[in-house]
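Dropping a structure here in structure tokens format, bear with me for questions.
Read from first to last, the chains carry the letters A, B and C; within each, the first residue is number 1.
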């Protein structure tokens, strides 16, 4: 999907040359970021802007820094001369989460923004839900029975709630037991502000080889 | 960070002092404008930011000019000295439409944005969207949380798609929970070829109504 | 597993905590010592010739203890990361994504919707979407391996019926017709309940000898309604 210009999709002949518009490619990228309602990858953005992924990644990094106040330069000022000038951050930030880029209001203004954004306010998870989510996040794909075994309690209703909240999802069935396996969703990554589950913090270092425990488990399963 | 932790989020007693936050009132205003879906009036913004309407109107005019490229100054530079310096415009603009302010993608980039929006769009609803629409049609007015509970998955993005497609709309808020309620539109009736929702075929009486659903599903909610 | 690896990692971890001024470092350290001692104990027991260990049972006990500790540790680790995840989720909840409705002129460009559903098809779709979902199976069902569930209450009623006549009966006689061990167990539990309610008395002349059960509650003095609720809940 890389080479097809966005203009064509819209039913116009020529793909627009983003460089010729005021503000150039950087402003065009900003314009697109204004209308996306879910994170977009650099590749998707590049395809839409008819630019290479490398160029788009460079622009995204620039914008991110600029919004964070690392450079106070106006977009057309020579970048070498003013790079590193520190200004105050903007009220929003550009973040790369779950593989996609998106604009967020800055966390410092949470109290103020919350007053304007009623929807999307999510109730906090209970301790039981958090622990179940943690086990699933670190052991995915995993069956409810396995999560129950680790937590020592029945987790059925908690798993249902986590699914409804969009934090976990069905990822097929275990070929042996036929049990449904669960994994975390990209919405979970988004809520955690990370790019992939590999970025989750390490489990306590003093936990003796978890692999060994898994074997114990299977032996001791009911 | 600042004194009031962002984790405390909505509903806290003390109005934050926007001046003490990095970027000050201007950045706080930007944060709000970046995430609101419906245009907000200067009075609404002033109330939420705990500022006077005059101050907010001044800031709005400043931001509008800055986004349009009339001043390339960094937000913390003294405004008098650099007023009028012309830089390139940003990819977004702040517009006042019928008294309400909202950030939009800049009109110059409409072709590029349109191409991006249309990329990958299909003329068909997904199964998930169809099922969600069916639940809303038969149980309207209904909140997203309730539809999520019935379908067992998070329906946020599907509801957005259905709204965008003009098949459902906001019909006020639930007096108890404050959640937005959704109902089908007249465009939906048109597509179905019926005159009113009363003409939808009867469902089996054994299916749980909303009350039944509440009992059935809420037991597992947290 | 190599104990030294675990120990080294752990000491590093504890040092890190102490530098941060974490008070619970001591707790963690002592807990670790207990576990390390258990593991060492077990290792030593395996290495030494048979004389050092009393018998196989000791090893089994050690292994059971080890397993228990391992489970506790794992659970504790998950509890800990759950706390960290909760904090992260709270912090991130303060960042609101821009997800605004598509501007009207862009929405108008979307291709016209293809709609092929008749109201009847749509209704069927709604029916299937609204039908309460059966809880998905967590495991392959084992129900077919067991007989029908046995109710302690039911068995108590059967026993009551036989004993009310007044003739004492032995446990052996009372369970002679039991079609499965489960029924025997249920009848035994039922007898304990009856004993608690002072509806029966036991006599056993010799250790491991026949247990004789005698009805003491009178003809109408007891009903199974007294039976404790705990037996009615399925695990």
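A few remarks follow.
As a working rule, a contact is a pair of C-beta atoms (placed from the backbone, for glycine too) under 8 Å apart; a residue touches a chain by one contact, two chains touch by 3 or more.
What you see is a predicted model, and the numbers here were worked out from it, not measured in a lab.
Considered apart from chain C, the assembly holds together by touching as one piece. Comparing mean CA positions across the assembly, the chain most remote from chain B is C.
Legend note: the chain whose CA centroid lies nearest the centroid of all displayed protein CA atoms is A. Contact analysis places A-B first among chain pairs (by count of C-beta pairs in contact). If each chain is reduced to the centroid of its CA atoms, chain A and chain B end up 19 Å from each other.
Chain C has its Cα centroid 44 Å from the Cα centroid of chain B.
Chain A and chain C have centres, each the mean of its CA atoms, that are 35 Å apart.
Residue positions 6-7, 9, 34-36, 104-105, 113-114, 117-118, 152, 160 of chain B each touch two or more of the other chains.
Looking at chain C, one finds that residues 90-91, 93-103, 106, 109 touch two or more other chains. Across the complex, chain C meets chain B through its residues 87, 90-91, 93-103, 105-107, 109-115, 117, 119-120, 122-123, 125-133. Touching chain C in their complex are the following residues of chain A: 10, 33-35, 37-38, 92-93, 95, 102-107, 110, 113-114, 117, 120, 122, 124-125, 127, 130-131, 133-135, 137-138, 143-145, 148, 150-152, 156, 170, 177-180, 190-193, 200-201, 203-210, 212-213, 216, 220. Only residues 1, 6, 9-10, 12-13, 28, 32, 35, 39, 67, 70-71, 73-86, 88-103, 106, 109, 135-140 of chain C touch chain A when the two sit together in their complex. Those residues of chain B that touch chain A in the shared complex are 1-2, 4, 6-12, 16, 18, 21-24, 26-36, 40, 44, 48-49, 69, 72-77, 85, 87-92, 103-106, 108-109, 111-119, 148-149, 152-154, 156-157, 160, 178, 180, 219-222.
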